[in-house]
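What follows is a pair of complexes built around chain A, which joins chain B in one and chain C in the other.
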Partner chain A sequence: MTDKKQSILAVLTKPPYGGTTAKEALDAVLTAAAFEVPVSVLFMDDAVFQLLPEQKTEGIEVKCLATTLPVLPMYDVEHIYVDRKALVDRGIDAEQLILSVQPVETDTLRSLFQNHSRILSF
Partner chain B sequence: MSPTPISFSILVYGAPYSSQSVSTAYRFTKTAIEKGHRIHRVFFYGDAVQIGSRLVAVPQDEVDLQLKWQQLGEQYQLDMVICIAAALKRGIINSDEAKRFEKDASNLAEGFTLSGLGQMIDATQSSDRIVTFGY
Partner chain C sequence: MILHTVNKSPLTSSCLNNCLRAIGDNDGLLLIEDGVYGADKHQGLKLKPLPSGITVYALKADVEARGLMGRLSEDVRVIDDQEFVDLVVSHNASQSWY
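Moving on to the complex of A and B:
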């Protein structure tokens, strides 16, 4: 790896269950953090459902994503954003989320993309 | 006029024969090379890892995507990496892992290597552009 780290914005768009993308995206983010690559996360579209409290996955026999997501700040993933419109469209209150996330307005999403060197979309 | 050469890494997520992403990624990669650009790595993640099974039998009137990637990989010495964690749980396994997990067979096709997500992150750091072909 080169000395100067390229910052990554991981753009998550998939819901927590019904597919494995949400988990595989989180694995990629944690790997980036483990390699000490600066990585930010943006929750968009149905990925905002990943942020809901009281996820109970015993019935569907998959690992609960809500127990893993809160480790992000411990991995120095400090910049976690959520598309406010995605929350509003789904009737989700930004105050009830399991992570401390920064809501971003639609017209500032562009600068968020511009401020990172690499985009990983999931 | 040729564009200034840049280095790409290609991320592929969609399952071959369910999604078009493996096929589109192939055409993008081939075209980029033909236009003079460099491919640092192709990384297959998620369901795209199925590209690495040599047990896939494609009907004669359909495109053999694995063969296409193998030929492109051989011609241009491409680093074609399949995510090991995503692969193992989907039944794509090389002989080392088959031994480790006490499986009675392995099926990783020639031209592909199994490696970790670190290769994906390295790709973000070592190439000028990341192009993702999703589901």
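Moving on to the complex of A and C:
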């Protein structure tokens, strides 16, 4: 087994607020980053909805994800990817997200899974 | 007159499709929680063809939380919790798709 340097890929597929997985993913990523484990994040499927601006959550009394997600780069989490197809399917513009992310095509997306030693899915 | 509620995103669940198969004339369709993604005009509720008399509502708190205010289809009516209660009362039955 080649000694693949410890690195985590967090794969997110769930939208915000419908359940708690979006928040749990963020907590896990920030924890890994705090322990200086290289961690990358991939937003796929409905998780791309987590990146929409203008989230006002007072009405459902939960903490707003859109205020926490943008801090990821400050925790040295720089490799943040989004599945371009998921954006296109939902008519979302990659330029208007709450965080600068790197849209990826299918082949790059697949390589992400190969290039990390651990995968966490949310 | 039935009030149907859907609480899952149409892209990752069959709840909305099931509802649209069952919904009849003069019923109401209320999108709540993640169901409000169905009201997003971009990926579309694909409501056509909908029987006549169907009014589509979306719950305000859920729409705002998800940043969808500027992305809704025109024919969707945003309602608050009190109007939600009024809707339930004004229909003689309700059916939740979840």
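As a convention for this text, the second predicted complex is superposed on the first by the 117 of 122 C-alpha atoms of A that agree within 3 Å, B and C clash if a C-alpha of one lies under 4 Å from a C-alpha of the other, contacts with A are read in each partner's own complex, and residues count from 1 in each chain.
Simple rule for what comes next: contacts are C-beta pairs under 8 Å (C-beta built on N, C-alpha and C of every residue); 3 or more make two chains touch, one makes a residue touch a chain.
Everything numeric here is computed off the predicted structure, so don't read it as measured data.
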{"item": "Which of chain B and chain C A:V71 touches, first, second, both or neither", "value": "neither"}
{"item": "Which of chain B and chain C A:P15 touches, first, second, both or neither", "value": "second"}
{"item": "Broader residue contact with chain A after superposition on the shared chain, chain B or chain C", "value": "C"}
{"item": "Which superposed partner A:G91 touches (first chain B, second chain C, both, neither)", "value": "second"}
{"item": "Partner chain in contact with A:V62 - chain B first, chain C second, else both or neither", "value": "second"}
{"item": "Partner chain in contact with A:L52 - chain B first, chain C second, else both or neither", "value": "second"}
{"item": "Chain C to chain A touching residues, read off their complex", "value": "7-9, 11-12, 33-34, 37, 40-43, 60-62, 64-71"}
{"item": "Residues of chain A touching chain B in the complex", "value": "1-2, 5-6, 8, 20-21, 24, 27-28, 31-32, 35, 37, 118-122"}
{"item": "Chain A contact footprint on chain B (complex, rising order)", "value": "11, 13, 45-46, 85-86, 116-118, 120-122, 124-126, 130, 132, 134-135"}
{"item": "Touching residues on chain A, where the partner in the complex is chain C", "value": "13, 15-18, 45-46, 49, 52-60, 62, 64, 66, 89-92"}
